[in-house]
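These are the structures in question, set out in turn.
Two complexes, one shared chain (chain A), two partners (chain B, chain C).
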Partner chain A sequence: MITSSEERSMTRREFLIRSAKAGACVAAAGGLSLSLYDSKAPQRSQEKGALVTLPDFSMPARNGQMSIVTGEDRVKTVQRALKTLGGIEAFVRPGDRVLVKVNAAFAMPPILSATANPELVAEVARLCFKAGASSVAVTDNPINDPASCFTLTGIAQAARSVGAQVVIPRKSSFKPTTLQGGTLIKDWPLFYAPLEAVDKVIGIAPVKDHHRSGASMTMKNWYGLLGGRRNLFHQDIHNIIKELAMMVSPTLVILDGTWTMMTNGPTGGSLADLKQTNTMIVSTDQVAADAFGATLLGKTASDLPYIAKAQAEGVGQSDYESIKPFRDHVG
Partner chain B sequence: MVRGKSPPSRRESTVSWVIMGTLAAIIIGVFVRQSHYDPTLFVPSALESQAPGKIVPRSLPPLDLGQFVPQDMSVFGPLESFGPETLSDKINGKAELYLSAGFSNLQCQRFASRNDPRSWMEVFVYDMGTLHQAFAVYSTQKRDEATPLDLTPFSYRTRNALFWVHGRYYVEIIASVPSEGLMESMVAFGKNFVKKTSVDAHDIEDLALFARNHLEEGSIVFFVSNAFGFSGLKNCFTARYHVEGEELLAFLSKKEAPEEAERVVKAYHAFLLESGGTAVPLSTDLTSGALVEILDTFELIFRHGRYVAGVHEAPTRKAAEKLASMLNGHLVEAVR
Partner chain C sequence: MRIVRARQISQLFFFLLFLWFCVVASVGETWWQLRGWPINWFLQLDPLVALGTVLTTRALYAGLLWALVTVVLTILLGRFFCSWACPFGTLHHFVSFLGSRKKTLAKKAARNRYHRAQSVKYVLLLFLLGAAAGELLAGFPDLLGLSPGQSWPGWVLFIVFLLVVLFLTLRKVAAKKARMAYWVAVCVAVWMLLAWSWSGHSLIGASLQTGLLDPIPLIHRSVNLVILPLVDGGTHQLAVSQRHTQGAWLIGAVFLTAVLLNLSTPRFYCRFVCPLGALFGILSRYALWRVGKNQSECSQCARCEALCEGACDPSAKIRISECVLCMNCLDTCPEDLMGYRTTPSELGEVVSPDLSRRDFVVSLLSGVAAVPVTRLGGTLGANWSPTLIRPPGALMEEDFLKRCIKCGQCMRICPTNIIHPAHFQGGLEGFWTPTLDFRVGTSGCQYNCIACGHVCPTAAIRPITVDEKQGKNDFAQAGPLRLGTAFVDRGRCLPWAMDKPCIVCQENCPVSPKAIFTREHFSPVREAPFMVKSVHGMKVTLQGSHLRPGAVATGDYFCRAITQEKNGRWKIQENTESVLVLSPDPTQKGMPEPGNNLEIQIRLKQPHVDLRRCTGCGICEHECPVSGRRAIRVTAENESRSKAHALLLS
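Up next, the complex of A and B:
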């Protein structure tokens, strides 16, 4: 403790030195702050808005249904598969607004089966209109340039040829969402605009090998509803696919295994990557659809961890035989 | 006159605590805010600047792909360029395969036939940094239906696509339709590319270290890292052999020094045993070798000089030892 007897006077010299040191400290702190200051704030990729949540597009009375139809002709196999489930009319009612979420991830030609087949997309849209749908929109938020993807895959022309609208993502199409019970999808941009005013959602995906997840099928197809720097999720691919499946409860999923990309997925590039497996799967259970799809890739559901994870969350049933799928063949 | 070193008054103490408290609150606020970084709202400036045609660090200057295009083709899309941070924007889940092999830059562009605009091709030029790294992505993706080409030592075609390695570049050309006319244009592009793009190296000498007898042509694959799921086995070549009716996989990895090779042999042996393998005595004269039975297959590893070599997942012990002896014999001859 300093007593009053220890007090001493400060000389003018000491005062000036101390003042100079204090000033130098202030100047150094200010200079450091200035060097770190970013005068140009990061660009907002979207306006922060209220969190949105996707409604449940499934039809509880139709849960746990699946149809597996073999054959070379996608139009015929999807028609037959839907017919065995009661026809598209069982899922699409007059006046319904339908969204078809396709896989249009890459600007690649349809022969490479890296994206949803345009004939299949057109047929599903046509059937929806036939059932009385008031509108059918086809959409995806592709990896590559959206306009190129929809054009070069042939999906845009095919969809428009039957009167469906093609919805290309724009900045304003995204709104933040948080998945209840999720650990990855938190305040993340969702391609919400096309989902905002629809009654039914149908997912269409090809069966593909995938370098990170082992396979890309109906559950992975919802990846195209995410915005932002979604490739960050590749580090935890099985959990993000599980969360996507938790987030989207579709009316139907259609898994196209007419040609399966066996190797070098998800882009492929060569016809040598493909195998003709002649199978169309239509299901209200996306877990069951993917579990069966795994067999087309020469795998089992246990080879794809996200399938068990999704089942554990109650999304669906990986033991697809337990839901007694309808089986048929069209020549 | 100013008092010096006098005890602070209560007011001074209070003001000091308020200032310190405020600074602490600011620091906590900054940390809290940063831990809640919202990636949905911001686009990193580094990514914004990754515009087509821009140079990515470590890569060579951008190529003008148009200079390689034959006269019957015209530009069908803009030149795009992707670096390590943006590669997945182009090839999504396959990006990891390239990134783990040392990817530097990708340039791609579409060209269409002047006669039939529906016939188009997309050219992907991956700058992998080195010949070995380019060979790694080439060989790991090689298609079973590959038809060899004489474009470069490492080149092949399938019905609709062309793939080759030229120095540090791994190039793919993918056609929109399988057509011989388009394939001719693709091959012409490839020849122009090889002729006009100077590179430092063409051949990988280590490939000659594999014995030719019983070797399946074109089966050699190069792993930059993590061969057979073992992180310690880097820069490793594998080659398929057919010995006594069995398909076998031989491997070879050059190390900086014999001591390092010895360390890798021991580490891989320990890794196999930790993974549930059982040590089996060798009946060949590979004194530096070890044999492990694991999951009903045999894994043989040995060292010659600074080379680590072996046989992976052989169905029988006899086949593993026979191929290992063959490899060792060839290594002894080749590395003198």
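Up next, the complex of A and C:
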């Protein structure tokens, strides 16, 4: 039992214990301070994230092929066009993981043709699965609200109906990239998550009027792989489209000119903006596809500076007749 | 099963149901998204929402008829809602339980003793109802034909009253009767005065502010705009990107304060603040069944007091208006004296709230008076704020303020996350009402979206159709619904101010034909004109120029020889430091000649807004690459809901 006098005065033992505890606290505070000590101010720029680069998804043996099939029914024309190029089997091998980059930029119903046609997307996805693809993902980083875009365009439902996944961008989906030989795409966020683990990339885009660049087709479609405040690139639209075409070497591009948006692009918004042009273009050469697509808009390749620029970089051939496109009609 | 267990199951059920309705309030196609779930059911059950809107609009909007169920049940049973259904009450109940653990019986009983300040909630209720009822009260003299200038002036009535008083005085009637007569005369005089000053007063109006404190809108707002965005920020199950709420801190702080106060005083909010509880307290006055003792004497063990949720003195003269029917006293009384019966408590009851007539009048009239005072600022008139952009289908401001309960359902449902609780843009009255912000969120107001009006429980935002919003078919004559107008800030816009091509706004304008159109303008680059040294084919070599290779080869640059005769421009295809390669152009005759001064120009398309076509959707503002203070901004001028804000002549 502790007496009251002992309570008041401290024993040596107690003093030593308390001193040891105080010493430990002092040591801990000192150690922590020293270990955190930083004599330098932070660097000016933040450390860059690891840059990613896109692999080449094209099939060298099939470069420079194009098929132009006319007809009203997208399912029939795309089937025919693919068949003339050797069938989808020539591009998608069993076990391949396929990414379909659609244009789903706007939350608009499919009838307005401002976005990739859902029936066409579903048919391409279905054909990929038929050729043995292990997975098919459909993606875009739209301009309008992403979830609304995929729902309202009918693309999400169409893709899911044939078993394809829909990949909607999240903040974590983007990784910085720098294009070799480019001047604009430098340490810029790329919508990388869906591209990370795929073997084949197919681009599907409608033919649309575009006030700034002249036309929005397969090359402009890769804009939807950029993140960040990509609108800045509108200051140099032709070079950014060229760089996008340099950055993405797709397996195939499908340019849907069944209905062409002649005016008020790229949003459209009225049937009056559309013209039935009944043409489906499937190509391994995006420059050739866009050069031909320009004619559907009543333009020529020379009206679209980005076509010549992309050709100069060796992306493709703007003189599409020189690659002898296959032509057919399905009624 | 014990009745307390039944109550707990009911509380848990309604609480989970409430959370579920918050979760499913998202636009989408899956079963757990907005597919006909009655997400407004709690708001519709809330009689304060119903009563408030009835006072302001004299109509009971659609689903608010549900409130009748609550009202009837409360009249018959008492304040059952507070302890059996209210999700906010359940939360307070639970936190109070945590705060009361390990406390002695005496301490618990002390915390649950009735406090005089519990009448504050009645003051708040009356104040809020007064604000809502101002217009109605001001309208009474008109109904009676009392206001001056009417065909049957009230002065006649007043004179008649005076004569009656005089007559009564002369007849020497009983003093009591005479006093009453004087009082009646004074009342009529006051009424006349008010009628005279109120009639035609532009500031007297109805303002629905119950939502500030009404627990159902409050918990909706807190969960939808603060809790869910916080939680989902990590899980990303409800939205692909982080949802934001402007001024979320204040909504969160109010919520947290209300919840944490339970630790010091159980059910603090329910007892002292809740205007809905106060309304229930008044309604429960004639309840057929009520909690009470079946004999006046008991051992005064205070067990019932220790567990009493409402602080209604169950062991003494029970206060019916405070009793929240938690039924704890029934369960805990060791002598089994407490019951829920049709007979009153043996020890007597206090049936009405602890509020004097003076408190009543002062609270109510303060509320009535508060509205014109806040409106003195002129926010409903000339001093309206153009930054207050209401959702599509919103009523005109005066009517909007009569209906909006600040519940935040529209903000929750908006797929692009552009609807936010306003601060003082709409004056004090508009606090926490919805306003649009086009910088936050994932886009502007989507052209095909009408979600907000369809979830609004009080039709402050009307449930419009897509046709009405876009001005199509039946609405072609009326034109599209405009939220405001986009204005180009020519001092910030890249093509206007910085000689940079852009027109992102034009591209993204969703209407057809586009509301934003462009005019071409050729602007000379800053460098002085260059002297042409030599020309070979399409190649033009310049004297002493130091151009960056490719700098004027973006497809947007042209050159023009500065000569006497008028000649055209050549498009520049390629450039090195001193050589320009021009684009072949069949419409151009000849080429620049050596010795010419050559001006390099950039072709700009400068955006203009077509007032008739612009809907104020704000997609242009959202997409504008000038990301801080945007170079094109929507303000509420020309909004469809207000004639006074129109810019178009027809």
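What we mean here is this: the second predicted complex is superposed on the first by the 283 of 331 C-alpha atoms of A that agree within 3 Å, B and C clash if a C-alpha of one lies under 4 Å from a C-alpha of the other, contacts with A are read in each partner's own complex, and residues count from 1 in each chain.
The rule is short, and it goes like this: contacts are C-beta pairs under 8 Å (C-beta built on N, C-alpha and C of every residue); 3 or more make two chains touch, one makes a residue touch a chain.
Everything numeric in this text was worked out from a predicted model, so none of it was measured.
Of the two partner chains, neither chain B nor chain C is touched by A:Gly182. When the two complexes are overlaid on their common chain A, residue A:Arg170 makes contact with chain C while staying clear of chain B.
In the superposition on chain A, A:Pro325 contacts neither chain B nor chain C.
In the superposition on chain A, A:His211 makes contact with both chain B and chain C.
Of the two partner chains, chain C is the only one that A:Asn239 touches; chain B does not reach it. Once the two complexes are laid over each other on the shared chain, residue contacts for A:Ile143 go to chain B and to chain C alike. Shared-chain residue A:Gly257: touches no atom of chain B or chain C. After overlaying the two complexes on the shared chain, residue contacts for A:Asn231 are found with chain B and with chain C alike.
In the superposition on chain A, contact of A:Tyr306 is made with chain C only, not with chain B.
Taken together, the two structures place residues 106-109, 143-144, 148, 152, 210-212, 229, 231-232, 234, 237, 263-267, 269-270, 272-273 of chain A in contact with chain B in one case and with chain C in the other. Taken together, the chain C residues at the contact with chain A in this complex read 27-29, 236, 239-242, 415-416, 441-443, 446-449, 494, 500-504, 506-514, 518, 550, 554-556, 573, 583, 605, 619, 623-625, 627. Of all residues in chain B, only 1-7, 38-45, 47-48, 77, 88-97, 122, 141, 143-146, 158-161, 163, 172, 174-178 touch chain A in the complex they form. On the chain A side of its complex with chain B, the touching residues are 1-2, 4, 6-10, 14-15, 42-46, 48, 105-109, 111-112, 143-144, 148, 152, 174, 176, 187-189, 210-213, 216, 227-229, 231-232, 234, 237, 263-267, 269-273.
Across the interface of their complex, chain C is touched by residues 106-109, 143-148, 151-152, 157, 168-171, 183, 210-212, 229, 231-232, 234-239, 263-270, 272-273, 302, 305-306, 308-309 of chain A.
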